[in-house]
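The same chain A turns up in both complexes below, where it pairs with chain B and then with chain C.
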Partner chain A sequence: MKTRKTLLAAGIAMIAASLPTLANDVVRVSGWGGDNVVVVNTLINEVLVDELAAAGITVRYEPVEGDFAQILTNALSAGTAPDVFYVDSFWAYPVFQSGKIDPVSDDNMAIADELIPSLNEAFMHNGQLMGIAKDFNTLAVQYDLDVFDDAGVEPPNEDDDWNSFKSKLQQVQSNLDDVYGLCVVPDYARFAAFALATGWKPFNDEGHTLLDDRFREAFEFYVNLVDDGAAVLATDLGQGWTGGCFGNGDTAVAIEGAWMIGFLRDQAPNMYYSTTSIPKHPETGDRGNLVFTVSWSVATDSKVKDSAHTLVGLLTSPKAQQWVLESGLALPSLEALGDNAYFQEDNRESITSRVVFEGASNGQVEPFQFAQYGGDWKAIVDEALSAALLKERTIDDAIAFAQQRYDRLTGRQ
Partner chain B sequence: MTELNAEMKRELAAVRRRQASSVILMYGVLLSIATVLMGTFLFALMASIKKDPLEQPFQFWFEQINPVNWGTAWKLGRQGGQDAWWGGFGPGGDVTFYLSYAAPTTVELEDPQIEVPRRAPGTGMAAAVYRDFAADHLANFQVTREDGPNFEVTNELGVAEEWHQARWRVSFEHDNEGPWVERVPLYSLAPLTQVLVDSTLPPTQLERRGRVASWENITPGALGYVFNNYRRVFKESIDLNTGESLFVSWFKNSLFISFGRVALTLLLATTAGYALARLTFPGHRALFFLLLISMMIPVQVTFISNYLVIRDINLLNTPWAVIMVLVVSAQVLIMKQFFESVPREIEEAALMDGAGYFTTFYRIILPMSKPALITITIMAFQGAWNDFFWPLVLINSPTSAFALPVGLLSLRNAYGGAGDWSLILAGAFMSTVPVLILFMVFQRYIVDNPIASGSKE
Partner chain C sequence: MNHKIKQQERIAGWLFVTPFCVSLFVFFVYALGRTLVYSFQSFDLFSEATWNGIANYVALLSDPLFALALRHSLAFSIVVTTLQTMLALLLALAANKKVRGQGFFRTVFYFPSILSSAAMTLIFMWLFQRRGVLNQGLGWINEHMGLLLICVVLFMAIQTVQFLMGRRRYQWVRWGDPFHFLVSLLLTAVGTLILAGYGIGVRELSEPVAITWLNTRETWGPLPRTIWAIVAMNIFTTVPTLMLLYLAGLQSIPDSLYEAAELEGASKFQQLRYITWPRLMPVSFTVVTLGIIGTLQMFDQVALLGDAAPLESKITLAYFTYHNAFPPGGTPRIGMASAAALVLAALTLVMVLIQRSVGVGEKTND
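Here is the complex of A and B:
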């Protein structure tokens, strides 16, 4: 592993070293704002200063606030798109399909080969890799140790399956008056942790969605958590996500990603929490998970395409990814960093990062993307969950209605 | 006669009663409306000061508006950073803070674990801004215990219990080598069996189901204590390359765009309005109808073509792009109608004195049009100040070039996801100030109309 890393680093260094002869290209880089501004800005202005100078690249960083997908689509249409930009796996398909994205360069394929395989899957289009994953997230279970201590219940752990996990939540809810087990949301982005564990897949080989018995099993489990005294609807606590309920101390666990680290630093800086993997399916023994990832991609119309690809190589290089990991601001996509000492530290943030990192290659993992259907596909399962959780439809009706809608969407006869 | 006088007096009294009740009713209605409007404003102001503006139910009395705490914050600010207003922790800082815990005498009163934690922000640009921590520059950190007298408490069952209490004195100094630091957080972990009954400043939050009392900043200074969210708007939205406050840049950009739009609107609306009101030329009516039609075209229909034009003349990402993209049909219409209401005799008198069209327009008509000009100035300023669509489409980078509404969106993106709405609310509240000032300064001119005295029929 070390040899591969060394070779990779040497390769990157050679590429960078061979470029001073190139003209000093200005490469426009864009992504969404928020926390990402800190990460990218520091990479460009501190971590990679020497490499960029050696490569003859001047970076013009243009973070976008607001609806990045919409603004990028406009910019690609108007011919004003930046040279290098984020593409979220969730809306990647139409962007890749537009022909406006240049596939990953041969030089950068060496980096892609070192990434966690499920991350590359998210950016494959017609057999070509269209971007290099810059970072990623998966789902994990965060739990409040004080709550479990006060309730006299053993906290969740790696060995939990759905039943033991639910039993613990029920015990907490029963033993404490002011805390619920979990708050549930009608959102595939959380429900998938259970649905995928059954072996169910969003699309079959024909590209159709079948809500079969495996889906139904997960659907029943998730929806019945409330009736079974293990959970509450997030909206009943005035929240829209499981992390919000958890941060307020209203629930014993949350099912979220590593984004909880920053959130809890601000909202509950002293919370005594830890993180474990998503519970296993009681029969298959598998865990389900989603990979939320974003790529660095290069515009086909870029006038500085070579420099743009070089920049992507530098932004995803081992040096950059090591810094990203140690900053605690995001999870790097390089598989070899799984052995990094940061993950072995015994503190809540390192533990959370490690569990989320491992989630990308642990069990039935699917990228958070839905082919050409995007949000339309997700909306159907979300609405089915919402209807069942709010008792507007029975579980049977909700699934049957969703199946009809999927058949229409995917053209299944 | 006497009876008549008495009758008249009764009638007069009745009339006065009716007048008084009408006045009371009218004032009541106006006061109610003002209360509702001001109430919303005050509600927004209070929410923008709170640590957690989303708390349910909304508390109208909270720590930051308690004058006792202002005095304490003042003293602590002076102790920590030599700045009673904005506090902090710098060379020469020498801070003393007290915490008192109590517990039933049946339970031992344990020493709480008190420390100044190294608390790094987790979201937004704050993660990059705050790189120095008070915890790294402490000297002579000491915690001493002073036991207090026992007291009696009636518990939930109505039974009197004897409690004992103790006060912990926390003191520390700045190491005089490190930099000035804005915040000094404090953390106190105690067993659930004992209760925090008093502290120099009330804790910002209780965590870990009551085990931990946590202070965001124990040397805030008086203004830093009350207006911390406002300070955060300036401190936590900075250009990472230049270190300048983004909020100030956004504010300046919005002012520039608004003044530019107002100037362009006044120029176009007055000249076009006067031409349509007073000049007759071929196509005059058709032009007027075109003007009306242009008001009915949604901006979404023309925005792509406008965007491409702006791009081709290299004005993207400049405030000039937003200034240029304006539709002044409504303002032209207002000015046209106003100019038509000006008696022609006034212009004819000017013409008799040898003034041309431009002189008449500039020297006679415009000065008389103050109410209409102020109306369209306010409309144009408010429209430009609050405009979100065009600045969002036309100015994407750099972040310091944003207009204020788009800047506020970026704050929402950076902090809203983490539920940190206090900073966003403070920014939003500040963004309302210029329009408020404009209304307050100019509202009396809107009702003032000199035309009535311009001619004598």
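Here is the complex of A and C:
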């Protein structure tokens, strides 16, 4: 009798062990605040509730207000990082280099394969994909249709190259009082739309930065927009970005991303605007663009790594991305969603989203990241632009000085 | 019994100082020790720290950004400490006058100190814009410079005429007679308005004043223009607190000293030179020491500028340390940051010692 009971108990234990386990792991998730809190909360509490329950995952969401990169760096170093978190392409390098990030799991590689290729490039490190892009943005030209109508000038369009684009801005500026074509900022994050169109790359094969003739051509074009009567310095309008000038009705166009949708919804709800692609280089016919993207990544030290990867898979699944797109809060990273009906709607927000979405695959596109140099790399070109725009240096001097600084930074002899 | 009480007092004493000792050990002694160790290591917060001897210090010496930060910190410290000490003393002397509405003036003088540094920086960033209030003010002064000069000359002339006329009748009349002053002011205002109406002394500027205060690499004297803007901001927010210290010092000087000095025929300046200033020496020591430490470690106002100014135009030693520890989008350089932090600490110590050696000491200098 006793032997039978023992065998029965052992049998039950073996069957229980062989059943698929419902882990019910608690996965800590973190990212920055703002609109993201709404997106993530809705995803985990409404859109993906059933999937999370089926996977046995309980999400503890811990959004961070403040300098997320710094907080994450400290947390990864101290071993207190969340299991799943955002990694911005801009500061991805040191985080990936730290060895504290688990590469994308084999299961999730199938999702990664369906993403826009330039987004995956932003999160490759030493041949491994370290995160799955959750959403992204690129640059596009937003224009005020009423301004162009008042000025009697044809609005910018897909066929514009640098010259026709500048000509339209010049005409608006000369035909209308108190409205400028564009406001320019000394910022690589906008200037790159022109620099990359020439075929110039931020780093050559040796990892050095060369400010060659192609760079100079774009630099000259961008800086001379003010002298040529096509633009004004943003600071002269009391602004720090092109969207601010545009939202105030001071300029005819802005060069920004899909974040303008929400901004203009609040700042200028009655503005009759539309969006088109960045103008093409007159000779190469290419457009330049930057991809601003953020990944979901998993900490190597996570005690619930499997569940963390499963959660990343769910957060970037077609169902989640479809909802993200339709919410209008962000652009999904899934390439197939380019055919979604939302993009075909004839309203300003859908048009802006479509143009920005297409920007990631249109022409010379680079991720907004600068290897191990980060902001130090960007500061050099920003300061060269600033010095030239403010006439503190000639274009030649500004480029020569920037080249010296890049040589020192990247160790070029 | 006596021994027991002494024992209890000793225990109570230790209990009182224990929290301070713990925090001193954890946040100062331990932190200083770790910083010292890191300064001889290569460490990026993630990989294992490796010893590299004095390589971080050598790298500091060969880093042009460090040399720039050092120069900026020293110049900023000397300029701000000097100006804020003088202004704090002047404000304290003014606030110490027994006049009607004394409380109101003291409140107004102290007001900038209660504003948060972040809020003040944002307000100043707005003031310092290329088309901001400061440049508009400078533009107005430029346009009306002629009128302002005429206004001053007119005032002096009317005041002098009144003085000469008054002297014919009353020998005791002074040039600065308050009644004459008011009449001159009134007549000058009327005269200036008439001249302005005819456009005399006013000129139109071909272009508005658009000095770039923040996003520039231009320098004025030992400092970039950007840091001059921070100098103004820093003085504005710090002077009121230092004024309070001087005010407390002024109120502790016995009135009898001034009464005796007046009886001896000492002028107001002599009273300031030989009574007030020596008696305020311990306060001045505190004010100057706080000034040197605060200015050498100034960080928040630079950090809050963000992208509004180029790194080379705003960097100080404290910001250099932070920039190396948390480079935006780059790999942390904790070794370099630690070495820079220790250089900053040593520099602060040296500056305070120099200050003492040039006569600003802790004791009253009668």
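Observations, loosely collected:
Convention: the second predicted complex is superposed on the first by the 393 of 413 C-alpha atoms of A that agree within 3 Å, B and C clash if a C-alpha of one lies under 4 Å from a C-alpha of the other, contacts with A are read in each partner's own complex, and residues count from 1 in each chain.
Keep this in mind: a contact is a pair of C-beta atoms (placed from the backbone, for glycine too) under 8 Å apart; a residue touches a chain by one contact, two chains touch by 3 or more.
Just so you know, these numbers come straight off a predicted model, no measurement behind them.
Once chain A of one complex is fitted onto chain A of the other, the partner contacts of A:272 are limited to chain B, with no touch recorded for chain C. When the two complexes are overlaid on their common chain A, residue A:238 makes contact with chain B and with chain C alike. Of the two partner chains placed around the shared chain by superposition, chain C is the only one that A:382 touches, whereas chain B remains out of contact. Using the contact criterion defined above for the overlaid structures, shared-chain residue A:394 touches neither chain B nor chain C, since it reaches no partner. Looking at the shared chain after the overlay, A:150 reaches chain B, while chain C stays out of its contact range.
By the touch criterion defined above, A:262 lies against chain B but remains apart from chain C after alignment on the C-alpha atoms of chain A.
In the superposition on chain A, A:76 contacts chain C only, with no contact to chain B.
In the superposed model, A:98 makes contact with chain C only, not with chain B. Counting contacts by the rule stated earlier, residues 74, 238 of chain A appear in both its interface with chain B and its interface with chain C. Residues 54, 56, 117, 119-125, 127-128, 185, 187, 189, 207-209, 211-212, 214, 240-241, 304, 307-308, 311, 316, 392-393, 396-399, 402, 406-407, 409-410, 413-414, 417-420 of chain B touch chain A in their complex.
Against chain C, the residues of chain A that register as touching in their complex are 69-70, 73-74, 76-77, 90-91, 93-94, 97-100, 186-187, 233, 235-238, 240, 369-370, 372-376, 378-379, 382-383, 386-387, 390, 392.
Of all the residues in chain C, the ones that touch chain A in their complex are 44-47, 129-132, 210, 212, 215-218, 307-308, 310-312, 326-332.
Interface of chain A with chain B (complex): residues 30, 32-35, 37-38, 41-42, 45, 60, 62-66, 71, 74-75, 78, 80, 146-147, 150, 238, 244, 247, 249, 259, 261-272, 329.
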